[in-house]
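These notes open a run of structures that come right after.
Across the two complexes that follow, chain A remains constant while its partner is chain B and subsequently chain C.
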Partner chain A sequence: MIELILIIFTSFFLGLFYSFLIRKFSARLQWRIGPLVFMYKDLRSIMGITRIIQPLYDIIKLFGKKTIIPESSRKRLFIYSPYISLIFAFISIFFIPFSGISLLSNVPYSLVIVSYLLIGSLLFMIIGPIASGSPWAFIGVRREAELFLVTEFGFIISLFSMAISKNSLILWEISISEFNLVNITAGLLMFTSILGKLHIKPFDMSEAEAEIVAGPYTEYSGKLLGIYYLTKIFLIYDFIALFISIFIPINTLPIYLSIPLFLIISILIIFILSIIHVLNPRYRIKNALIWYIKIISILCLINIITMVM
Partner chain B sequence: MSLLKKSRIYSPWLYHLHCGGCNGCDIEILAALSPRFDVERFGIQLVASPRHADILLITGPMPKQILPMAKRVYEQVPDPKVVVAIGSCACGGGIFYDPENYAILGTPDSLMPIDVYIPGCPPKPEAIINGIVQGILKLSKKS
Partner chain C sequence: MSENIINRIKEIYPNGLEYEISGNWLIIKVKPEELDKIAKIMINLGARINHVTAIDLESKGFEIINVYDITHTNISLDNITNIIFKANISKIKPEYPSIGKITWQAVWAEKELKELLGINPIGLPDSRHQFLPYEWPNPVESKLREIPEVNIDGNYLQLKMPIKEAYQSLIPIGPYHPGVIEGQVVYVKVEGEEIVAADIKTGFHHRGIMKLIENRGYNRGVFLAERICGICSGAHGLAYITCAENLFDIEIPERALYIRTLLAELNRIHSHLLWLGVVADVIGWKTGFMYTWGLRERILDIIESITGNRITYGIWRIGGVSRDISKEIAIKAKRAIEELKEEFSKMALEIANHPVIKSRLISVGKLTYQQAFNGGAVGPTARGSGWKIDVRKDNPPHAIYDQSIISWEIVTDEGCDSYARMIVRIKEVLVSTDIVIQCLDYLSKRSGEIKSKVEEKPSKIEAIGLNEAPRGELFYYMKLYENNSLQAIRIRTPSYRNNALIPLMLIGCNLADVPVVMGSIDQCLACTDRIEVIKNNHRKIMRWEDLIVMSVNMSKKKGLL
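This part shows the complex of A and B:
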């Protein structure tokens, strides 16, 4: 029970830390400084001591702003879908094992529950903007939906190829099973789909600034936008924790080894994601779909061959 | 100071509204975000939608054709908000200043309340950063 309460705070602060790290690494790779870890001494009285929790400040600020609800929107759907999206992303943290702690991941069919919850959260990130009635949001949502379908294909295949090769639908049993070749091929497949789901640079066409305003979130302001940002914080944690727990066998290690390993591996993943984010231009949606279909079909084939072997 | 007021100082988001200028000021605004000045150190970000913004940056001499759009963008920025006029044109019309000009309004202060004026043609990035800081301090005092 205590683990379940602790994981709320752990996942929240890890999610904040990861989104800070993406900003910091991207800034450093562009020869900028990015949000400061230690504020300059003469500015500390006004600007605070550290900016490690910069995403939290953004969210608190958004909660204190006025929320504008456009007249052309379908109000109920527009208002409630951020909350539903947050609930889905929030509940899924309990079903993903965290570095050797099983939480609720040993309940039957936990793999199916997690994939369902993550799909639900992303789905309500699409449905809310559709209800806003803005043409920019429509364009953004259309791109987001296409990207969602094509990334979901790789995501589900990688999850269930693991389930088939380990002969279990319980996430905890998969995470403590032996490491074999399917871990690598399915891991690669999952990594490519995480790129699209977290909108890392070649695949950020749904939020393309200066092209379609702010994409799906054009009409969202104040508290509702803050809820979407909060959802993204939990989603970053969800995807990274899910990736590590399924494909990298650290859950069999004792807890004093597995927690530092979890942190190191997650920071490494964030670093790789930041490099991809900085080095790439934005794809058009057509190019992204073609890229995904090519890569995913090849990876799926390799995955199935390794699974049969 | 409450956490909410602190967060307003720590994460001001800017929306950049271009009202018929020569693009000089706009380049200087982008220079303030570039590696040399890098305002993201203090959490300042340029956002794409006026609904996400806290601070509205206005450049240019405000042609009369753009007035309805400018007013609409101002109304879309959720409260509390601050407006910063950047460059000589946005401060008082600049070289376009003429009370009898049929096409150009000059400064937008009859259209919306302006909190900070940053003169210069174009102002240096240091001046723009200083002006934005003044805007942030005003923002923290608004309820």
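This part shows the complex of A and C:
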């Protein structure tokens, strides 16, 4: 029980830390400073010692702002979907094992539960903006939905190929099973879909500010936007924890080894994501879809071959 | 010799009232009814319109002025580069047959005539306002805001739809939009994400800089001309000075010419680097943006060490320049430029070969050679369509651009798309660095006068001055009163021409390409509308002396002083 309470704080702060790291790494790679780890001495009295939790400050600021609800929107859907999205993302943290701690991941069908929860969270990130009635949001959502479909394809296939090869639908059993070739191929498939789901750079066309202002979130402001930001914090944690627990066998190790390993691997993944983020301009949605279909079909083929072997 | 030229032009156009040669221009007075026929003849011969404008002669009516560039035609008139057709019309009935119905090059200019002087070009295809809101004089607050319907047979404006439909289905990109830095609206109609119709409206910050210069007089106007645009301020300064010097018969010292070339080319480098950054930002590549703007910062440092200013140089004078370059600075600047060239060529290769950049730019914003020619594209936009025009060669400003003294080449590309325009600009940066290095070589080895004496009274009463700004051909026209004060100045900036082609280039593109296409012509709306931006939200009040001390310290820190 105590684990379930602890994981709330752990996942929240890890999510914050990851989004800080993406910002910091990409800033340093772009000859910028980014959020400071140690604040300048003369500014410490105002700004605090460190800005590692800068993403949290952003959210707190948003909660203090006025929320504007456009008249043209379908109000109930517009207001509730950020909360539903947050709830889905939040609940899924309990079903994903965290470095050797099983949490709720050993309940039957936990793999299916997790995949449904993550899809649900992303779905309500799409449905809310549709209700806003803004043309920018429509175009953004259209792109988001198209991207969602192709990334979901790879995501589901990689999850269930693991389930088939380990012969189990329980996440914990998959995570403690033996490492084999499917882990690598399915892991690659998962990684490509995470790129699209977290809007890493060639695939951030749904929030391309130069083209469609803020995309889906154009009409969102204040607390509702803050809720979406919060959802993203949990989602980053969800995807990275899921990736590590399924594909990298650290859950069999004792806790004093697995927790540092989890941190190191997750920071490494964030670093790779930042490099991809920095090196690429954004794709057009058409090019992105073609890229995904090509890559996913190749990876799926390889995946099936390894599974049969 | 001049009679010979006049005889030859009479073979082409015999109905002129008066023929006169002044400098490199042939001035022909004609009847106003003939202007559209002349346009037809000239366009068929391959000439292009520099500008169409008019001057208010007070009680004598208006004088319509059509300037044609004949450097790319078969008309060989020795050293004549431009033909100026003039026609007088009365103020009671200020009308003449429109040139815009013959070529798209003149449409924006004629719209401007209509708005600023009240002249009515009969048969102008696009009769909507250029600078005023479309709804004017109907009040903006009225419930029924109307976009007037357009009836155009040409290909340049595709927006033919009823008002109601327009408001339901158009996506306005601007006037305030993160993709466009300055104020303008591009209305696009999309089906899915594909653009089927587009229209452009500028004029959100017209400030009347031409009138301000007229009030200040021609010898003080250069400081205002430099402030038309912050990015190509050097090009504006050089064009203005070229125009003003054409009024006089003076020889400019060689060293001054070299300094002018140096600054104009440094200006071009920094403008193109800035453009690369903007395009990188628009396609979502923040890294490219940071890197190119970092390189640009070094160019600005060099300019600062030469002129004392970073953006507006303030050294252009009639008859020369006001500041010399010391040997040490020339040598230092040369070293810096060489380093920059090396770094830039490495980066340019990476940019040009990046797969995602290629996929975003290739065959986006297509503009064929014929479209560019008919629409009157200038600068890198025209050169990206394989059209070899460059004012520096055709009609050089008062600086050193003689290809026998300084080796440089006109860069063109046959791609006809945004990628071709990018390649042209990247190559131009490299060409410009070569010119800069040659200039600095000369300046570090020799010394001499930098300013010659100017007579009190100019020998001519009107002149044109052209310069190749980073965005294309920049056109200045000046006319003086008999008492040596400025009667009129007319400025035609490159973006003015290229912006008019945006709707054409957008058709068939993806919505994601709109900022790319708009960026690819390197539009500068400050130029188009002629404005000045004032930023005044500093809390700290600094006196003038503090600023000077600060800048001196800064320069010392960098080792420039």
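Descriptive notes on the structure:
Simple rule for what comes next: the second predicted complex is superposed on the first by the 309 of 309 C-alpha atoms of A that agree within 3 Å, B and C clash if a C-alpha of one lies under 4 Å from a C-alpha of the other, contacts with A are read in each partner's own complex, and residues count from 1 in each chain.
Keep in mind that, in the parts below, contacts are C-beta pairs under 8 Å (C-beta built on N, C-alpha and C of every residue); 3 or more make two chains touch, one makes a residue touch a chain.
Please read these numbers as outputs of a predicted model, since none were measured by experiment.
Of the two partner chains placed by superposition, only chain C is touched by A:281; chain B is not. In the superposed model, A:86 makes contact with neither chain B nor chain C.
Of the two partner chains placed around the shared chain by superposition, chain B is the only one that A:46 touches, whereas chain C remains out of contact. Legend: residue contacts after superposition of the two complexes on their common chain; A:64 is shown touching chain B, with no touch to chain C. The partner that reaches more residues of chain A, of the two candidates chain B and chain C, is B. Touch criterion met: A:213 reaches chain B and chain C at once. When both complexes are overlaid on chain A, the residue A:32 reaches chain B and chain C alike. When the shared chain is aligned, no partner comes close enough to touch A:150: not chain B, not chain C.
30-32, 209-210, 213 are the residues of chain A that lie in the contact sets of both chain B and chain C, per the superposition on chain A. Listed in rising order, the residues of chain A touching chain B in the complex are 23, 27, 30-36, 46-48, 51, 54, 57-58, 60-61, 63-68, 209-210, 213-214, 217-222, 225. Looking at the complex, you find that chain A touches chain C at residues 26, 29-32, 135, 139, 142, 201-202, 204-205, 208-213, 278-287. For chain C in complex with chain A, the residues that touch the partner chain are 171, 177-179, 190, 193, 280-288, 290-291, 294, 354, 356-357, 359-360, 510-515.
The touching residues of chain B, when paired with chain A in their complex, are 3-4, 6-11, 13, 34-35, 38, 40-43, 47-49, 51-52, 54, 76, 78-80.
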